[in-house]
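Below, subunit A partners subunit B and then partners subunit C, in two separate complexes.
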Partner chain A sequence: MTVPATATLAGVDAAHLRGPGAQERAARRRDARVRWALLLPGFLGLIVSFVFPLIYMIRMSFNRGEPNGVVHDGFTFETYAQALSDPYYWQVTGNTFYMGIITAVLCVAASYPIALFLARSESKWKGVLIALAIAPLLTSAVVRTFGWMVILGNQGLINTTLTSMGLIDTPIQLANSMTGVIIGLVEIFMPYAILVMISGFGRINPQLEEAAGSLGASKARVFGKITLPLSMPGVLMAALMVFVLSISTFITPRLLGGGIVQVLATEVYDQATGLLNWPFAAALSTILLVLFGAVIAIYGAVIKKLGFNS
Partner chain B sequence: MTDVKLDLVDLTKQYAPGIAPAVDKLNMQVEEGHLVALLGPSGCGKTTTLRMVSGLMDPSAGAIVVDGRDITRVPVHKRGMGMVFQSYALFPHMNVADNVSFGLQMRKVSKAQQKRRVAEALDMVQLGHLADRQVKALSGGQQQRIALARALVVEPTLLLLDEPLSNLDAKLRETMRTEIRAIQQRTQATTLFVTHDQDEALDMADRIAIMNGGLIEQFGSPTEVYERPSTRFVAHFVGRANLLAAKVVEKVTDANAAGEVRYRLDVAGLGAAGALGRAGLEGTTRTVLVRPHRLVIEKGEGSGVTGTVEATSYTGDAVTMQVRVGEHLLSAETHTLGDHVARPGDSVRVSWAPEGALVIPEATEG
Partner chain C sequence: MSTTKLTFRKRPTVGRGLFLALVVAMYLFLLAPLLIVVVISLSSNQFISFPPEGFTFHWYAELANQPRFGEGLKNSLITAGVCTVIVALIGVPASLAIQRGSFRGRGMVEAFLLSPLLVPVIVTALGLTLLLGPLGLTNTYFSIILGHIGVTLPYLMRTTLVALQTSDTSCEEAARVLGAPSMVVFGRVTLPIIAPGVIAGAVLAFIVSFDEVVVSLFVAQSGRPTLPVHIMQYVENSADGTVAALSVVLIAFSVLVVVVVERLTGLRNALN
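Up next, the complex of A and B:
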C-alpha cells in the first residue's frame, strides 16, 4: 500500500492513535486543507490579475481627468455626471446593446443547426467535425476581422461579384457600417455558441423525440414540440455568452466599423489611448460593467422563471 | 391458430456489411391480445426487433405485417403504436396531463375528448390525482405508470415495452409486473415486451421468445420454455439448470399423450439414469437437463450416486447446495425443513426421478 503524500501534511500519525472517529475527522480536515491548497494558485492569480485592476479601475473612475492626460486624485462623480448627461453616450450605449442583441440572435440562429447536428452525430468523424467547427478560434479575431474587411469592402469579394454580375451599380455599404460589424461578430463568435449549445443539447434524451414520434408526431412537430423547447436552456446560455462577448469586444467594431460605428468598448479605447482621459475611460468601463451585471441578473431571473434551471 | 395480430417475416437487421446481423431472418407470429416477451441476454437482438416493429429503425430485409397489412415502410408516426421506453421518456417540459394527451393532440382529437380520455387513462394507472404535477416531481414508479398511460391512451395497435421495469427497485418491479399484466389483460392490448429478466417474462407473458445471437431459439408458453426447453441455451438461460452430457441408450416406455418417451441414459461421470424426451433420440448423444429442485439429495443411504457437499446457501425458503460428484458440480435446491439439509463436507446420495429430467432435443456439438 502506498501512503498518500498528503498524509504527512495533516499529522495522521497522531490522529490514528485517537481512534477511528478522530481519524475520520482528521482525514476530513486534511481533505479540506488539500482543497484550499489546490485553489490557492488560481485564487491568487485572480486577485492579482482581475480583482486588483478592477478595484483600481473603479477607484480611477472617481478621479477627475483632463484631456491632456493629467489626473487629479479625488473623489467626485463628475465623470459619471458628464457621461450620463451627454446624449452622445446614451447613443453609444444604445448602439452597443443593438449590436449585442442582433449579434446574439443571428449568431445563435446560425449556430443552432450546426450544434444540433454535431451533438446528435454518431459518425466516427464527430470529433474531427467538432474540431473543425471550432477551428476558427485558432486564428485571432484581428486576422478574421481583416478577412471580413477583404470580403465586405467596397472593392471586396461581395461587391465586385455583384457589380460584375450587373446586379448593382454602386457598392453596398457593408464594411465601415454596423451591418459589417455584426456580420463579422456573428462569424467570430459562432464557435463559442456552437460549443455551448453542443454541451446543452447533449443532455436532451433522444428517446424523448422517439417517444413523440411513436405517439404520432411528424419530424417537424417533434422538432417544434420537443427538440426546440428542450434546447432552449442551451440556446439562452449561448445567446447570453455571445451578447456579453460582443458588447465587450473592441477589435471588430473598431476595424470593421471604420471609426463610424461607436460602441462603449471603442469609446473606452479612444478615451484611454487617444484623449488620455483615464478617469472618463474608467467611468465608461464601470458603466459597461454595471450593464453586464444587470443583463446577467435579469436574464438569470427570466430563465429561472421559464423553468429552465434544471 | 386464432387471429394473428403481428407477423414478422424473415425480419433482418444488419447494421453494417461484414458484421453479423443483429437480427437474422426472424419469424414470429403474435396472437391478438397476447403479451409476448422477447427475452435474451444483451446484444441478442431483442431491442433491435422491438425498434423495427415500432418504426424507429428500418429493417435491412423482411416484412412487418400488422392486421394483415404490410407496414414495413410506414414511418414511425403513422404506425399508431404505443411505446414505453426504458427511461420512460416523459416530456420534462410538460405536466402529467399534457404528457398523456400528447398522442391525442397529434391525432387532432377534440379538447373535450382529450380531457376525458386522459382522465380515464390516468385513473387506469391510479394516478388521476397527479394530472397537474410536473413529471420531474414524480417517483420512478409513478413515471412508469404515466408512460404506460401515455402509450395506452391512443389505443395503440400494438403496445411495445422496452425493458420498462429495469429502472425500478426490486420490490416495486414486482408490483408493477402484476399491474402492467392486469392493465394489459383488461385493455386486451397486444403487447411486445423486451426484457432480460426471465422472472418477468415467465410471470407476465402468454408467450416467450427466447432470443440469442439475432435468432429466436424457442417460442412458446412460459411452461414450455421452462419445462421443455428445445436448446441448451434456453435451458441455461431460463431458470437454473444442471446440464449433463449423456448417451441416450434406449427408450423404456412408449410415447405418452405429449409424444414423449422415457429413456435410459448413460450420463458421463454419473452412470445410468432416466429422463423424458421426444421420441426418436435413441443412440444419440444429447444434453440432459435437471433443474436444481428436481435433484433428490439424501443423507446416508439412498439411491443414486455419492457426492460431497461443497457449499450451501440459505435463503430462508430454500437451501441451495453445490454437490461435487466426480467431475460434476451439481446445483441442488431443497426446502429448509426436514433432515435432508446437509452441511459443507457432508457425503450425500444424489439422484433424480426420470420424470424430473429432460433430454434436450438439440444436437450437441462434436
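Up next, the complex of A and C:
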C-alpha cells in the first residue's frame, strides 16, 4: 500500500495544468506538508514533556552541588567521581542488580505455569482467564504494594497465621526487608511476564508435543525434552523485561523496603527531595539511565537474534 | 456417557492435576494483594491485623470523613482527564501520519514517539522537577499533566497504530476515489473504523495517568497531590481500613475499565 491517506484530490486540478511530473511533485510536497502538520503536535508534546527534562537532567549532573539546593554552575565530573568513589553507591547499585536478577528469576518461574496453561488452553473461559492474569496491571502499584504490606507485615497475614499455629514465636521480618520487596515485585511484574511468555509459547508447534506423546514419551519427558527447551526464548524475553522493569522501580522498594532497602531509584528520590542535592541526584539518575539503556540494548539484540517481532 | 464423545479430551492424570494445582496457586499469589485488601476493607478490627473479628462497612463510610482523599480524587481526575484529551489530540494524528504514509525515517519517527517507554519514569520525573522548579511551575496541574503526556503517549499510540494497521483501507480508498477531501475521509471513514482502538488507548492512557505516582510525587507532592500520592503518604505513616476501602474503590474502578477495554479491543492487544 503506497497510497498515502493524506493525499487529496482537492488541488489536483491546479497541479494537473502543469503536466504530470509537476502534478506528482506537487502532490508529494503537499503530502509531506500534511505529514509534518500531523506529526508536529506529537513531536512538540514529547519534546517539552520528555526530551527537555532528560537533557536538562543530564546537564545538571555536570554541575557541582551541595545539599539544600545550592547548585554551582559549571562543567565538572565531580558528582560522578563522588558516586563512583563511594563504596556506598556501589552497594546501592549492587542491591539494584541483585533485586532485579532475583525478581526476574522468581517472576518467570511463577508466571511460567500460568502462561503455559493459557497458551495451551482451549477453554471458553480462556479470554476471562487471560484478563484475570493481566488485570492487576491496571491497578495502581501503590494499592498492590499496600496489599503486600498487609500480607507480609509483622501483624500481617503470614506472621499471624504462623504464630497462631505455633510455628514461630517472633514474627519473621518479611516487610521492611529486601525479601519483602522482592516478593512484592515478583507479583507486580507477573502480568508482564505472562504476556511476553504467552506470545512466545504461541510460536511452539503443539504437534511436536503430540508426536512425542503418541510415540510413547511420558508427560514429564515431553515437557522436559520438548516444551521446556522450545519455550526458552519466551522465558528469556520475559526475564529480561522483568529485570529492566525492576531495576528502575521506585514505589515498591520505597514502601515495602521501609527505608531500609536502598536501590538506585530510592537513592535518587532521597537525594532530590530529602537532601535537595540536585546535581548528585541527577548523576545517580544518569547512571541508572545508562544501566537501563545497556540492558534495553541487550534486550533488543536478543529479540533480533531470536527473531521475535512483538 | 461422555466417553463416547468424538472430541478429543485430555485424560485427567496425576501430572495434569499437579499442573492445574500449580496454576491455581500462582493465580492466587497473583491476586493475593487485591483479595487481601478487600478482606481488610470489610474487617472491623481497629488496626490492620488478622484474623478479622467482624464485618463492617465502617471504613467505606470513613472515606467521606477524609477530605484529602476527595481533594486527591479531584486532582487526579482533572490531570488524568486533561492529559488523556491532549494525548489523544496529538497521538492520533501522529499515528495516522506514521501508519498511512511511506516516507524516509518513518521507523525513527515511530521509535521516537514510543521512546518514553525506554526511560525509567523516575529519571523523567527528576528531569521535570529540575526543569520546572526554577520556572515556578512545580506543584501545579500543568506540571503533572505535562509529565503524564510523555508517560501516556506511547500507550495511546500503540493501540491506535495497531487499529490503523489491522483496519481495512478499502473504504478509505473508495471515499478518496469518489472525491472526498482528506478531512472528510478521516472524519467519516477512518476515525469510525479505528475508534475502538483509539478509545481503548485513551482509556489506558487515562488509567496510567490516574495511577501514576512517581512523576506526581516529584513534581507536585505538596501542591497538587493526586490520589495515589495521598494513598502513598497515608500508607507510609499509618495504615488502617480506610486506605483499604479506598483501594477497593480503585480496584472496582479498574475492573470496570478492564471490562470496557476487553469489550472494545481485547486487553491483550491493548497492553502488549
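Keep in mind that, in the parts below, the second predicted complex is superposed on the first by the 244 of 310 C-alpha atoms of A that agree within 3 Å, B and C clash if a C-alpha of one lies under 4 Å from a C-alpha of the other, contacts with A are read in each partner's own complex, and residues count from 1 in each chain.
Definition applied: contacts are C-beta pairs under 8 Å (C-beta built on N, C-alpha and C of every residue); 3 or more make two chains touch, one makes a residue touch a chain.
The model shown is predicted, which means the values in this text are computed figures rather than measured ones.
When the shared chain is aligned, subunit B comes close enough to touch A:A212, but subunit C does not. Of the two partners, subunit B and subunit C, it is C that touches more residues of subunit A.
Applying the stated contact rule after C-alpha superposition, one finds that A:L230 touches subunit B and leaves subunit C untouched. In the superposed pair of complexes, A:R221 makes contact with subunit B only, with no contact to subunit C. Touch criterion not met for A:S123: it reaches neither subunit B nor subunit C.
In the superposition on chain A, contact is made by A:A32 with subunit C only, not with subunit B. In the superposition on chain A, A:A272 contacts subunit C only, with no contact to subunit B. Shared interface residues of subunit A, touching subunit B in one complex and subunit C in the other, are 219, 310. By the touch criterion stated above, subunit A contacts subunit B in their complex at residues 205, 207-208, 210-219, 221, 225-226, 229-230, 307, 310.
Residue ranges of subunit B in contact with subunit A, taken from their complex: 54-56, 76-83, 85-87, 89-93, 102-103, 106-107, 136, 150-151, 154, 160.
Looking at the complex, you find that subunit A touches subunit C at residues 1-10, 31-32, 34-35, 37-39, 41-46, 48-50, 52-57, 60, 110-111, 113-114, 117, 127, 130-151, 153, 155-157, 160-161, 184, 187, 190-191, 195, 198-199, 219-220, 247-248, 250-251, 255, 265, 268-269, 272-273, 278, 281-282, 285-286, 288-289, 292-293, 296, 310.
In the complex of the two chains, the subunit C residues touching subunit A come out as 13, 15-16, 19-20, 22-23, 26-27, 29-37, 40, 47-51, 86-87, 89-91, 93-94, 96-98, 100-103, 109, 112-113, 115-116, 118-124, 126-131, 146-150, 153, 157, 169, 172-173, 176, 179, 181-182, 185-186, 190, 207, 210-211, 213-214, 217-218, 221, 228, 231-232, 235-236, 239, 243-244, 247, 250-251, 254-255, 257-258, 262, 266-268, 271-272.
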